[in-house]
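Once you scroll down, you'll see the structures, which are given as C-alpha cells.
There are two complexes below, and they share chain A, which is joined by chain B in the first and by chain C in the second.
Moving on, here comes the complex of A and B:
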C-alpha cells in the first residue's frame, strides 16, 4: 500500500510537471527576466526614475484612468443586463441569450475594433445618419479620439463582465427579492440592500478580469485612438520594435504590474470578496 | 436625469432591464452587421449605401497568397493549441482536483497556471519576447506555438477542472472494486465522462489561439504571420472592402468554434 501510494505520488508529480513547466517557463520566468532587465545594467534604479518622469507618468495615469472608466461603465451596463438574464428572461431563451451576449468573447478583437472604424469615421454610418437627419451639419470627428477608444473598450470587454457578473446574479435567490418587496421595500432598497451586496463578488471578479486588460491594451488604441494620448502598451511595443530603451520599457511594465497587483490585493481585502475567496 | 432614475427605481424597474438588453444586443451586433453588409461592395472602397452587391472581395481574399498563408498558419496553430492545450489542461485539472499532492502545492500550481488571466497581457508578452531574445530561443513558429499553449492553458484547465470536480468518485471506485487498474479506469470511466468538457475545451482553445494577437506579435519575428497580425497590419493602412471580407471570414470561424463549444458544454 505504501509503495503504491508513493508511486502514485511520483505519477501525480509527473502529470503536474507538463502544465507547470509551460506556466513557469512562459509566465514566471519572463516576468523575472523583465525585473532583471529593468534594473540592468547595474543594478540601478535609473529606469524607474525615468519611468516616473511626467512624460511616462501621464501615459501611466491615462492608461489606468481609461481602465477605471471603461470598467465602471461595463459594470453599469452589465448589471441590468445580467439581472434581466437571470431573473426576468423566459427560461427557454436564457441560454441562447447568454450565448449571444457572450459570443463576442470568442471573436477576434482586432476585427471587432476595426468594425467601429466603419461606424465612427467621417464617412461612416453614424455620421451619414446624423447628417442625413439634419442632426449635425457636417460630419463629426468621432474616430481617432478618446471617445472612440472608450467605445472600443466597452465593445470588447462588456461580454467578459456580463459573463462573470451573471454567475453571481444567477446565484442570487429570486425569493430574496420577492421577500424584500413583500416587506415593503422600494426597488431602490431592493437594489441597494439585496442585489448589490449579493452580487458584489461577481462585480469584483469582472472588474479584475477586464481592468488590467483595458489598462494594458494595445490594439484598441492603435486602431481607434488618435495620436494624442499614448497608452502603456504602445510605449512597450515601440521599445521592443526598435529594440532600444528596453530597460525603461521593462521598468514601466513593472510599475504597471505592481499597480495592478496592489489593486487586486486591495480588492481581495473587501469583506464580501474575502468571504467568497474563503469558500474556494 | 437623477429624479427620473429615482422614479424608475422607486416605481419598479419595469421594462428598464429588458430595454438595456435590447440596446446591448444592437450595440454588440450592429457593427458586425455593418461590416458584413459593406463586405458585399463591388468596389475596393465601399460606398454608403452600397451601389450593388458582389462576392468579389471574398474571392480576392482567397486568391491573396499572403492572406491564405497566414490563414493556414493560424488554423494550424489553432489545432495545435486545441490538441495540446486540452491535453495539458486535462493534466492540470487532474492535478488540481484529484492528485495526491498537498493542498498547498495544488493551490500554488493553480495560481501559476492562472497567471495570464491576471497579469496584463502586454507585460507577459513583452517578458516572453525579451526572454526569447535573451535566452537565444529566437522567434518564429515554434515560440509562437508555445506562447499559444501558455495562453490557452488556464482556460482549458479551469473548464475541465470544473467538470472533473463534479464527477462522482464512486464511479471510478466501483470500477476499481471490479478489478480495473488505474489506466483502465481512466480510459473507460473518467475519460468518457469528461469527453464533453474536453471537446468544448478543444474548441475554445482553438478560438483563443486563432484570435490571439499580442503574444504572437512579440514572438513571431519577421517570417511568421497569423491572421490577426495580417489584419492588424492592413487596418493600419486603411479600411477597404478586402479587409471587410477578410473580417467576416475571421468572425465566422471564431463564432463557429465557440458556438459549437457552447452547445456542447450545456447539454440540457
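Moving on, here comes the complex of A and C:
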C-alpha cells in the first residue's frame, strides 16, 4: 500500500468514527439499556416468561400480522399508482400529483388519525353518505375496530411506500415493456416478467421503511382502535405507565425487536432479495 | 410470380399535433428481401417502423403482414419482431432466457424451446452463450443476442431500428456482413431503418428514401445512386453538387446540358428531359476529374479524408462544386497524386465525367 493510500485509510477511519459513534450511541446503546432493564433485577428471565403468556403472545402475533397486512396493502395500492405516475401521467401534472399523494407526510400524524375518527364515526361523512344514498338503513359501526386501525395505517404509511416505489418505477425502462409486448407478452405477463422484477428493490425498500413502524405503532391503535385485539405497543405502554413494570415493558420491546429482526434476516434469505443485496 | 408479400403498407399516416410525422407511406416488401429505409433525423422512418411493429397506432392506412390485415393488431398478435436501437435486452434474465422469451410466450417449452434457442445462438455465431449475463457481453455480442431474440420467433418480417448506430466503424462493418449473412440464411424479410446511408447501401436489396414523412424514392442501391430521382436523394446518398442548366440536345438516355459552368453531357436518369427545358443536374464529387478539363475554378477548401481529398471548387458564377482527388494512389503523368501540391486559392482545371438529370422537387 502506498503511503498516500495508507494515510488516506487512517483519515477515512477518523472521518467515519464520528457517524459510527453517533450510530452506536443513539441506536445500539438504548437497546443495550433496554436489554439490561429487561433482565433486572437478578439477572432473571421472569419478564420474558411473562412476555410469552397468552395475552402478550396473541398481541405480538396480531401486531406482526397487522404489519404484514398493512404493508402488503400499501404495496398493492402503490404499484398501479406509481406506474401511472411514472409512465402514463402527463409530465405537467406529475409533480403536483406526487405532492398531492404524499401530502400526509407533511402533516402531524395525530391529526391524520383524528381525521379518520371524523370520517368513520356513526355521524361522520362516510355514514351520512351511505345512509343518504340508501346503501345502508342505519349508520355502520366502523370506528374503534380492526378496520379503522387498518385504514389509518394505510392512510399514514402509503405515502412512504409510494415515494420509495416511485423511484424504482421511474427507473424502469419503458422500452423493456415494449420489447416484452413485441415478443408476445400480455399485460399480465408484462407485470410479472418486467415490472415486478425491475421494481423489486423499490418495493423492498418501501416494505422495510413501513413494516416495523406499523407493527410497533402506538398512536393509530390508540386513537382509532377499540377493545378488540390489542397491538403490542399499547401493552408496552400499559406495562410502563399503569403497572410501572419497566422490566416487563423492556422485555416486550426486546421480544418485538427480536421477531422483526429475525423476520428481516429470513426475508433476506429469499433468492431475489439475496441477488439484490449482492449488488449493494 | 405474385407471391404474397411479406409486408404491404398503404396510405400510412400519423401526425403528432400539427406535425405530420408520417405522410401517406406506401411500401411493399417481398418474401426474403432486405429493405433499407433511410432518411435524415425526423423524417418519420422510426415512427413508420414502430407503427409496423404495433407500438404506435396509425391515424390512417392499412398494414398487411404476410397477407393478413394487421393495422389494429397489438404487437404480440403480429407476425413481426423488432430489434431496438438500444437492443433493450432484459437485464434480469440470462441470454438464453432473453432469446427464449418469445417462444415461452407462445407456449413452447422444454426441449423444443432449448433446441430452438441453441439454433438461434448458432445462427448468430454465439454458441453456448446461453447462461451468460447480458450485462457481461460486449456491444457486438449484445447485438447478436437482440437479433437472435427476435429471429428465433420466425417472424414474417424482422424490423430493425438503427441497431448498428452505437458501434464503432470496424464492428459496424463486421456486423453489416453478419446481418446480411443471417438474413440470407434465415430467409426472413428485413426492414432496416437507419440514417446511415452507407450501411443501408451495402446491405439492402432495395432502399427507400424518406423525407418529411414521405417516401421520395425507392429502388436498388445502384438505381438510387446512379440515377436518383431528385436532388435530395442524390445528395443524401453520397453527396452531390446541384447545377441548373438548359437542355440543348437529347439522344436516347443522354442529354447535353448547358450550365453556368459550361456545357457537358449528362445521363437522363429517371427523368424525361426535352430540348429547351431547364433542368436540375446532379454531379457527384468522384465524377469530377481535377487537373485538366474544359472548366476552371478556384480551390476554396481542401479537406483531407485519408484516402481522398474533398476539394471545394468555386466556379466562375460564384457557385461551388465538390470534387475528389485520390491521395497516395499510383500517379499517372497527367494526374499528379495527392492533389499535386494543390492549395487553397489555386486556379485549377477540371472535367465532369458523369452527371445525371433529376426531377425537380415539388414543394
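Everything that follows uses one rule, which is that the second predicted complex is superposed on the first by the 240 of 280 C-alpha atoms of A that agree within 3 Å, B and C clash if a C-alpha of one lies under 4 Å from a C-alpha of the other, contacts with A are read in each partner's own complex, and residues count from 1 in each chain.
Quick note on the criterion: a residue touches a chain if its C-beta (ideal position, glycine included) is under 8 Å from a C-beta of that chain, and two chains touch if they have at least 3 such contacts.
Quick caveat: nothing in here was measured; it's all calculated off a predicted structure.
S.K.: Between chain B and chain C, positioned on chain A by superposition, is the outcome a clash or a fit?
M.R.: When both complexes are placed onto chain A, chain B and chain C end up side by side without any clash.
S.K.: How wide is the angle at chain A between chain B and chain C, using CA centres, rounded to the nearest 10°?
M.R.: It is 90 degrees after superposition, to the nearest 10.
S.K.: When the two structures are overlaid on chain A, which partner does A:175 contact: first (chain B), second (chain C), both, or neither?
M.R.: A:175: touches chain C, not chain B.
S.K.: Can you tell me whether chain B or chain C touches more residues on chain A?
M.R.: If we count touched residues of chain A for both partners, the winner is B.
S.K.: What is the contact status of A:103 with respect to chain B (first) and chain C (second): first, second, both, or neither?
M.R.: Touch partner of A:103: chain B, not chain C.
S.K.: With the two structures laid over each other on chain A, which partner does A:183 touch: chain B (first), chain C (second), both, or neither?
M.R.: Only chain C is touched by A:183; chain B is not.
S.K.: Just the number, please: smallest Cα separation between chain B and chain C in the overlaid arrangement, in Å.
M.R.: Minimum C-alpha separation, chain B to chain C, in the superposed model is 10 Å.
S.K.: Where on chain A do the contacts from chain B and from chain C line up?
M.R.: Of chain A, residues 186 contact chain B in one complex and chain C in the other.
S.K.: Any idea which chain B residues touch chain A in the complex?
M.R.: That would be residues 6, 8-13, 16-18, 20-21, 24-25, 27-28, 30-32, 34-35, 38, 48, 87-89, 91-92, 94-95, 99-101, 109, 112-113, 115-124, 126-131, 134, 146-147, 149-150, 153, 157, 204, 207-208, 210-211, 213-214, 217-218, 227-228, 231-232, 235-236, 239, 243-244, 247, 250-251, 254-255, 257-259, 261-262, 266 of chain B.
S.K.: Can you name the residues of chain C that touch chain A in the complex?
M.R.: Against chain A, chain C makes touches at 53-55, 74-76, 80-82, 84, 86, 88, 90-92, 101-102, 105-106, 149-150, 153.
S.K.: Could you please specify the touching residues of chain A with respect to chain C in the complex?
M.R.: 173, 175-176, 178-186, 189, 193-194, 197-198
S.K.: Provide the residue numbers of chain A that touch chain B in the complex, in ascending order.
M.R.: 5, 8-9, 12-13, 15-16, 18-20, 22-31, 33-34, 37, 77, 80-81, 83-85, 88, 95, 97, 99-101, 103-119, 121, 123-125, 128, 155, 158-159, 186-188, 191, 208-209, 212-213, 215-219, 222-223, 232-233, 236-237, 240, 246, 249-250, 253, 256-257, 260, 264
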